[in-house]
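Working notes for the structure below.
Going in written order, the chains are labelled A, B, C and D, and every chain counts its residues from 1.
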Amino acid sequence: MGKGRLEAFSDGVLAIIITIMVLEMKVPHGETLEALLPLLPVFLSYVLSFIYVGIYWNNHHHMLQASQQVSGAMLWANLHLLFWLSLIPFVTGWMGENYFAAAPTALYGVILLMAAIAYWVLQRTTIGAQGPDSLLHTAVGRDLKGKISPVLYVIAIPSAFLSQWIAGGIYVLGALIWLVPDRRIEHVLRNQKT
Amino acid sequence: MGKGRLEAFSDGVLAIIITIMVLEMKVPHGETLEALLPLLPVFLSYVLSFIYVGIYWNNHHHMLQASQQVSGAMLWANLHLLFWLSLIPFVTGWMGENYFAAAPTALYGVILLMAAIAYWVLQRTTIGAQGPDSLLHTAVGRDLKGKISPVLYVIAIPSAFLSQWIAGGIYVLGALIWLVPDRRIEHVLRNQKT
Amino acid sequence: MGKGRLEAFSDGVLAIIITIMVLEMKVPHGETLEALLPLLPVFLSYVLSFIYVGIYWNNHHHMLQASQQVSGAMLWANLHLLFWLSLIPFVTGWMGENYFAAAPTALYGVILLMAAIAYWVLQRTTIGAQGPDSLLHTAVGRDLKGKISPVLYVIAIPSAFLSQWIAGGIYVLGALIWLVPDRRIEHVLRNQKT
Amino acid sequence: MGKGRLEAFSDGVLAIIITIMVLEMKVPHGETLEALLPLLPVFLSYVLSFIYVGIYWNNHHHMLQASQQVSGAMLWANLHLLFWLSLIPFVTGWMGENYFAAAPTALYGVILLMAAIAYWVLQRTTIGAQGPDSLLHTAVGRDLKGKISPVLYVIAIPSAFLSQWIAGGIYVLGALIWLVPDRRIEHVLRNQKT
């Protein structure tokens, strides 16, 4: 089974998610720069979510790059990931419009956590479909980042009720450790060619 | 005629349908978790519709996987299917915002029924375009699931006026029997390779 | 230059146009079937526009199927066509929400006319890019349908101010003559293979 | 690493950006042509932004056409460009709904400037990934247009506070110099084939 349509459908959903988030930034009625001020938290949460969806697209891209087989289970694991990512525009809007209040900021972490778990399930399913000694299995390796991220979100969720700055800081940190594309896979792919 | 663009256009429309549904979940104005409570039925109907659209994408993927020929009639049968699926965000929103009231829940079943009929027409048209003894014809076989689904929806539509729970339960059941990807086609595809 | 991205971008835009139109059908607040009644004209105009965009996608598909060369001028002629088609959701909503009043119904015809002209320009540009004696040139032939359609819209626009039924009827007629996919091109493509 | 998914994702995002802008043109409540009058500035800003996004798609298309290698840095430089372009619907709506008032018109220029810088960064990164003496490097050459555009926007931003006509005129001029597709690349690509 080809991976072309799996990539195309995922690209479509991710492209829409990343773009409709901007619709949460409602055009202000005033015509002065001050009219933009209330939008600042919405803009900041948009930037954060844009980077997170970008990270998912990037890693998704690399994972499928290193895969040859597509199984039926992978299709559903992929839809499961897209489901949680599709809720990002909603929590982004809720968090931004409420100036990073406790509950919305915690829920943002819940969605990030569920997406991280869904990605991990998809990665397991994909590795399983490639058979033992696959390129992807070697490339993912110990998957340190994939193990740290959910831990970060689990810490951030309750801390949102203590201070929005702690939770927000952890989300930024969680993005920073992923900003570098998955060099492990790029590295293994390059080695294989040699 | 290539099937690439048929797949690409369908992927695009399905990706948009599955993603804009989330826009029906309006960001609440309150900042507490209680503010989310009224959104629960909208969320539940979103989950159900996400799974249904996912099922259609999955089966659509498998059907075209097993096809080589694309006819002009297939293009229109495909657009006919996409038309009924494009109404899913509307009925999902209407059903969710009215807490699964009788009429919206019945209309949801009508759209599912029309989509099921449209899928059946597309399958017939696609099998017809492949010629006799085609791989797809063997793979689809007696198409038990395809025959049970419309019967379920026909039962659910009037029962929505008796109890929303019966209709809702039937919709969930209708999704469950399809959640497994079309193993028949996967099976036949695998055999052919051997 | 490859035609892949031209097709992919056009598919994307057309898929979004055909799907966001459904957002003009605002979810009604009532939970009875009567609450849907005011939406009937919006629904009817949605069906009409869905068919029109489907026709454009179909013909666009066939035209590029019969083309090998993509020129820079074609990219812009294609964007020009997409521009007019992108206004269809707007005029569809305006016409439907005003129960096919004179001005919105006339404007609908203006957009159809501009799109028809833009399609004709794209077709000319595409034929020009293929060189003389091209497959597409033979396939398009006298292009009777392409010449009748703009004439129909030119008649419909002023008649919308006399009676909405005449204009609406002409739009339906204009869709019917195109509903059959461009068999000329399919025919020529099939002959060539033999 | 293949460039297929980079193109597909970018096409998806650009297709959505160019299409959701039309949603800023809210369907008017009146049914007369006069009801459209207040929409005129929104329509004009839509036309301008449609052309700008079209230019970016066109140049993006040509740049990747002339590239063979895709690096991890390119993926992020591309997302960076898409981020700034994703803000175009917002500033287009703000500028149009406020009849080209000073602050919105200036902000429009800021977004154009950031997008131009992001494109330049992507171009640098892409050339770097192709290695020395690459086709793209030769094709881009001195990149006169790429150097003039940011200068134009830098002039337009403060002048928006003097007169909206000057700033608007510069934006139109900035589009006009790009309207011609990047013939340098087309030219070099054609030469190479010979």
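Convention: a residue touches a chain if its C-beta (ideal position, glycine included) is under 8 Å from a C-beta of that chain, and two chains touch if they have at least 3 such contacts.
This is a predicted model, so every value here is computed, not measured.
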Completion exercise
Shared touch partners for chain B + chain D come out as A, C
Handout entry: Proportion of interface numbers common to chain A and chain B (over half same, under half different)
Key = different
Completion exercise
Whole-Å distance, C-alpha centre of chain A to that of chain C, is 37
Problem - Whole-Å separation of chain centres (CA-atom averages), chain A against chain D - result: 26
Fill in the blank from the handout: Touching at least 2 other chains, the residues of chain B are 8, 12, 15-16, 20, 23
Fill in the blank from the handout: Contacts from chain C onto chain D in the complex sit at residues 1-2, 5, 8-9, 12-13, 15-17, 20, 23-24, 72, 75-76, 79, 82-83, 86-87, 89-90, 93-94, 97-98, 101-104, 107
Practice task
Note which residues of chain C are touching chain B in the complex, please.
Solution key: 7-8, 11-12, 14-16, 18-20, 22-23, 25, 27-29, 31-33, 35-36, 47, 50, 54, 57-58, 61, 65, 179-181, 183, 186, 189
